[in-house]
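Take a look at the structures listed below.
Heads up, the next two complexes both have subunit A, just with different partners, subunit B and then subunit C.
What follows is the complex of A and B.
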C-alpha cells in the first residue's frame, strides 16, 4: 500500500546555519487497513516524516511509493488524484480549520477541489456524513473559532473522510485534547478504520496509545527509524537500548 | 471618551464623504463662478463662508474640494493596497529567491523619502489625476507589501493552510479562500491610517502645482491660492486647512480604534 524507502530531509537555517537532518534514511511499509504507530520524542522528525509522505514538504531523497507509484516523482496537477487518496490529520485543533469559515464551509471544501458529487447533492451528503462522526447539525453554522477542540478534530476527520482516502497520516491527533476526549477520538478513528479499511500512520509520543492502537510500530530517534516491528514483539523484546529505555520510563510512569 | 471621539470621527468622515458624493446638490454656488466685484467677502447669507480672492464661493469650493481630495485619497490608497497586497502575497507565498528579490526591491522603495519620490514621479509624468494615482501607489506600495508578506508568512504554516494543500487545493484558491480573509482585517486598518497621509500628499502636490491644477476646487489648491491673500483675510487659508486637519484627524482616530478592537481579538494587528 504505502512503502517509504530511504526518505531524507535536511533543513538549513540561513546560509551559514548548520544543516539539521530531520529525517535520515527512513524506510517503512504500511499495509492496507493497517495502523503503523510511529513513536518518538518531540523534535525527532516524526511530524516532518508525515509531511514528506503527504508531499507537504519536498523531500531531499528517497521514495514514497503509493500503490507502486513513486509520489516524489509526480509534479503539479498529476498529484491531485493522489492527494485525494492520502490525507493528514493535524495535531492542533485550534488551527486545523480556517477560523473565519463556518464548519459547513470547511466541509464543503473537498467538493470544490475534487469531483465528488453534484453541486445540489453536496449539503445533503455532508449532513448525512457527519452523523457517523458524532457531529451535531447545529455545529455546521458555527465558525471554527467557536467550536471545541474535540469537535474540531471530529470535523477535520469527517472532512478528510469525505474524500474516501485510503491512507491517513495522524499527526498526534489527540495530544492537545483532554483525556476523556482523547479516548473518544481514538474510538472514532478505530471505528472509521473498521468501516472503511483505511490505513493509518499514527504519529505520537504516547507509547501506551500506540501500543493499544497499532499493529506495527517504529521508533524514531534523531531523524532515524532505529527499530520497527510488530507492536507486541517490540514491547516484549526491544532490541535497541533507546527503545528499552523508552519502554522502561513509560513503565515507571505508570507505577507513579 | 475614546468611544465618543471614535463616533465623532465617523460622523465627520461621513459628512466629508456625503459632501463629496452630493457636491452638486449641497454646494450653494458654482465653485468656479468668478465674481470679481466681490473678492474676499465676509460671510453673508449669499456666501455662508464668504468668498476667495476671485469672489468664488468658499463653501462650495470646500464641498467640491472634499470630492477631489477625499476620493482621490481613498482611490489612491485602494490602488496602493491592491498593488502592495499582490506583491506581498506573491513574495510571502512563493518564498525562496523570488521573496528575497521582492524584499530587496521593497527595501529600496522604503528607503526613498516618499514626498520627494512622489514629486519626482509627478515631475516625470506631468501633473494630473492619473499621474497622482501612479505616484502615490508607487511611493507607498512597499509598506503594504511588507505587512502582507509578514502576515502570509505567519499563516502559511498553519494547519488549515497545510490541510487545504493536502486536500489538493491550488495556490490561487488557498490564497483567496484561506490566506486573504485571515490577513484582511489588519490590512484594512493599515489602509485606513494610510488614507490620512495620502490626502496630505495629494494636497501637498496640488499645493506645489504638481497634482490637480487650478481652477479645480481642491483643498491643496485652495491653500496654494490663499498663500497670497491670507494676510488680508485669514479665512481663505483657515477653511481648507481646517478641512484637511479634521479629515486626517478623524481618519487617524478611526484607524486607532479599529486597531484596538482588532488587538482585542488577538488578530496580530499589533504588527502594524
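What follows is the complex of A and C.
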C-alpha cells in the first residue's frame, strides 16, 4: 500500500544556522486497512515525516511508493489524483477550517478541486454524508469559531472522507482535545476504517492511545526511526533504551 | 486554614446572552493538601482559578471567596495586589508565552526577591539556590539563558520558581501539562512535587490531565458545565467514582478502555433542564430531567447526583 524508503529532510534555518536533520533515513510500510502508530516526543520529526509522505513538503531524498508508484517523481498535474487518495488530518482544530467560511462551505471545497459529483447534487451528498460523522445539520451554517474543537475534527474528517481516500496521515488528531472527546474521535476513526478499509499513519505522543489504536508501531527519536514492530510486541519487549524510557515514563504516571 | 468559595458565580455577557461560567460553586481547599480541579475545556475550571486571584472584572463575580478569615471578594484592587504573588501565586497556563522573552530567566526570578526587599546580591544568591532546588543541575547557566533557549519543561520549572520565590501560601497551577509530551509532562510532575517539598503552600492544580491529578493531588474537585459535580480524596475518587460524569471521564482514558461517553457538553447558552448531565447520563430518570440535584456530602467528599443523595 504505502512504502516509505530511506526518506530524508534537512532544514536549514537562519544565516549561520546549523542544518537540522528533521527526518533521517526513515523506512516504513503501511498495509491496506492498517493503522501504523508513530510515536515520538515534540520535535523528533514525526509531523515533518507526515508532511513529506503527503508531499506537503519536498523531500531531500528517498522514496514514497504508493500503490507501487514513487510519488516523489511525479510532477504537476499528474499528482492531483494521488492528492485525492492521500489525505492528512491536522492537529490544531482552531486552524483546520477557514474561519471566514461556514462549515457547509468548508465541506463544499473538495468538490471544487476534484471531480466527485455534479453541482446540483453536492449539498445533498454533504447532508447525507455528515450523518455518519455525528455532525448535526444545524452546524452547517456556523463558522469555525462557533464550533467546538471536537466537532471541528469531525468536520475535518468528514471533509477528507468525501474524497474517499485510501490513506490518511492523522497528525496528532486528538492532542488538543479532552479525554472524553478524544475517545469519541478515536471511536469514529475506528468505525470509518472498518467501513472503508482506509489505512492510517497515526502520529501521536500518547503511547497508551497508540497501543489501543494501532497494529504496528514505530518510535521516532531525533529524526530517526529507532525501533518498529507489532504494537504489542514492542510494548512487551522494547529493545532500544529510549523506547524503554518512554514506556517507563508512561507507566510511572499511571502508578499511584 | 484554607481557601474557600461560597456560592461563587461568574457571569459573562456574550452576544447570545448571559452565561454562567461558574455556577454556584461552594467548595473549600485545605492548605496542607494538593487539590486537583479537573474538568474539560469550558467546564469553568480556569475561570474559577482566575476569580480566586481577583483577575476577573468585579461585576462578573458574585458570591464570596475567603482566604482563611479574610474575604478576598471584599478587598479593593490595591489590597488584592498585596495578596497576588505574595499570598496566592499563579503558574500561568502557557510557559512559552508567560515568561518575558527579552529578559534572562534568572532576572525574572530575581525580580520577585527584589520586590520583597532583597538587595541585588542577595536576590542573585537566592535565585541560584532556588533554581538548584528546582532540579537545575547548573543554575548559573540556566539563569543566563533567555526563555527561547530553554526547553518546554525547563520553562515550566522557571515559571514555577517565580511563583515559589515569594514563598506564597497558595500556588495555583493552571493546566501545567497542556500540550506537552510524555517526557516533559513527567518533568512537570516532578517540578510540582518538588515545589511542595520546597514550601508549605497549598497547591491548586487546574488540569484536564486526569493521571497528573491522580498522582499529584490529595483531593479532587470535578467540574462539569461550571458546576462542581463531585469532590473526594484522590485515590477513592479514581477507584470508585460516584458521579456518572466522573465515571465516564475515567472510562475514556486510553489505558482504561477509551470508552466514549455519549453526546457533548451542552452550550452555556442552552443548558438542559434539571440535572445538567442528564442528556448524557446512562442512569437518567424522570426526576433528573425536572430537578437539579444539590452537591451533598457523601463519605469523605461530596457528589451532585440524585442517585447518591
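Going forward, the second predicted complex is superposed on the first by the 254 of 256 C-alpha atoms of A that agree within 3 Å, B and C clash if a C-alpha of one lies under 4 Å from a C-alpha of the other, contacts with A are read in each partner's own complex, and residues count from 1 in each chain.
Everything below uses one rule, namely that a contact is a pair of C-beta atoms (placed from the backbone, for glycine too) under 8 Å apart; a residue touches a chain by one contact, two chains touch by 3 or more.
Only a predicted model underlies this, so the values are computations on that prediction, with no experimental measurement involved.
Trainee: With the two structures laid over each other on chain A, which partner does A:54 touch: subunit B (first), subunit C (second), both, or neither?
Mentor: The first partner, subunit B, only.
Trainee: By the touch definition at the top of the document, which applies to A:139: first (subunit B), second (subunit C), both, or neither?
Mentor: In the superposed model, A:139 contacts neither subunit B nor subunit C.
Trainee: Go through the superposed model and pick first if A:149 touches only subunit B, second if only subunit C, both, or neither.
Mentor: Touch partner of A:149: subunit C, not subunit B.
Trainee: Once the structures are superposed on A, label A:42 by its partner contacts, choosing first (subunit B), second (subunit C), both or neither.
Mentor: second
Trainee: I'd like to know which partner A:211 touches here: subunit B for first, subunit C for second, both or neither.
Mentor: Second partner only, subunit C.
Trainee: Output check: A:203 vs subunit B and subunit C. Expected answer is one of first, second, both, neither. What do you get?
Mentor: After superposing on A, A:203 lies clear of both subunit B and subunit C.
Trainee: Identify the partner contact of A:26: answer first if only subunit B is touched, second if only subunit C is, both if each is, neither if none is.
Mentor: It touches nothing on subunit B or subunit C.
Trainee: Tell me which touches more residues of subunit A here: subunit C or subunit B.
Mentor: Ranking subunit B and subunit C by residues of subunit A touched puts C first.
Trainee: So, A:112: does it touch subunit B (first), subunit C (second), both, or neither?
Mentor: It touches subunit B, and subunit C stays clear.
Trainee: With both complexes overlaid on chain A, does A:234 touch subunit B (first), subunit C (second), both or neither?
Mentor: A:234 sits against neither subunit B nor subunit C.
Trainee: What residues on subunit A does subunit C touch that subunit B touches too?
Mentor: none
Trainee: Where on subunit C does subunit A make contact in their complex?
Mentor: Per the touch definition, subunit C meets subunit A at residues 40-42, 152, 179-186, 189, 208, 210-212, 214-215, 235, 248-249, 252-255, 258-261, 264-265.
Trainee: Per the contact definition, I'd like the list of subunit B residues that touch subunit A in the complex.
Mentor: By the definition above, subunit B touches subunit A via 158-160, 162-169, 173, 177-178, 181-182.
Trainee: For subunit A, which residues are in contact with subunit B within the complex?
Mentor: Touch residues, subunit A against subunit B: 51, 54, 56, 79-80, 83-84, 87-88, 90-92, 95-101, 109-110, 112-114, 144, 156, 163.
Trainee: For subunit A, which residues count as touching subunit C in their complex?
Mentor: Touching subunit C: residues 41-42, 148-151, 175-184, 186-187, 205-209, 211-212, 245-246, 249-250, 252-256 of subunit A.
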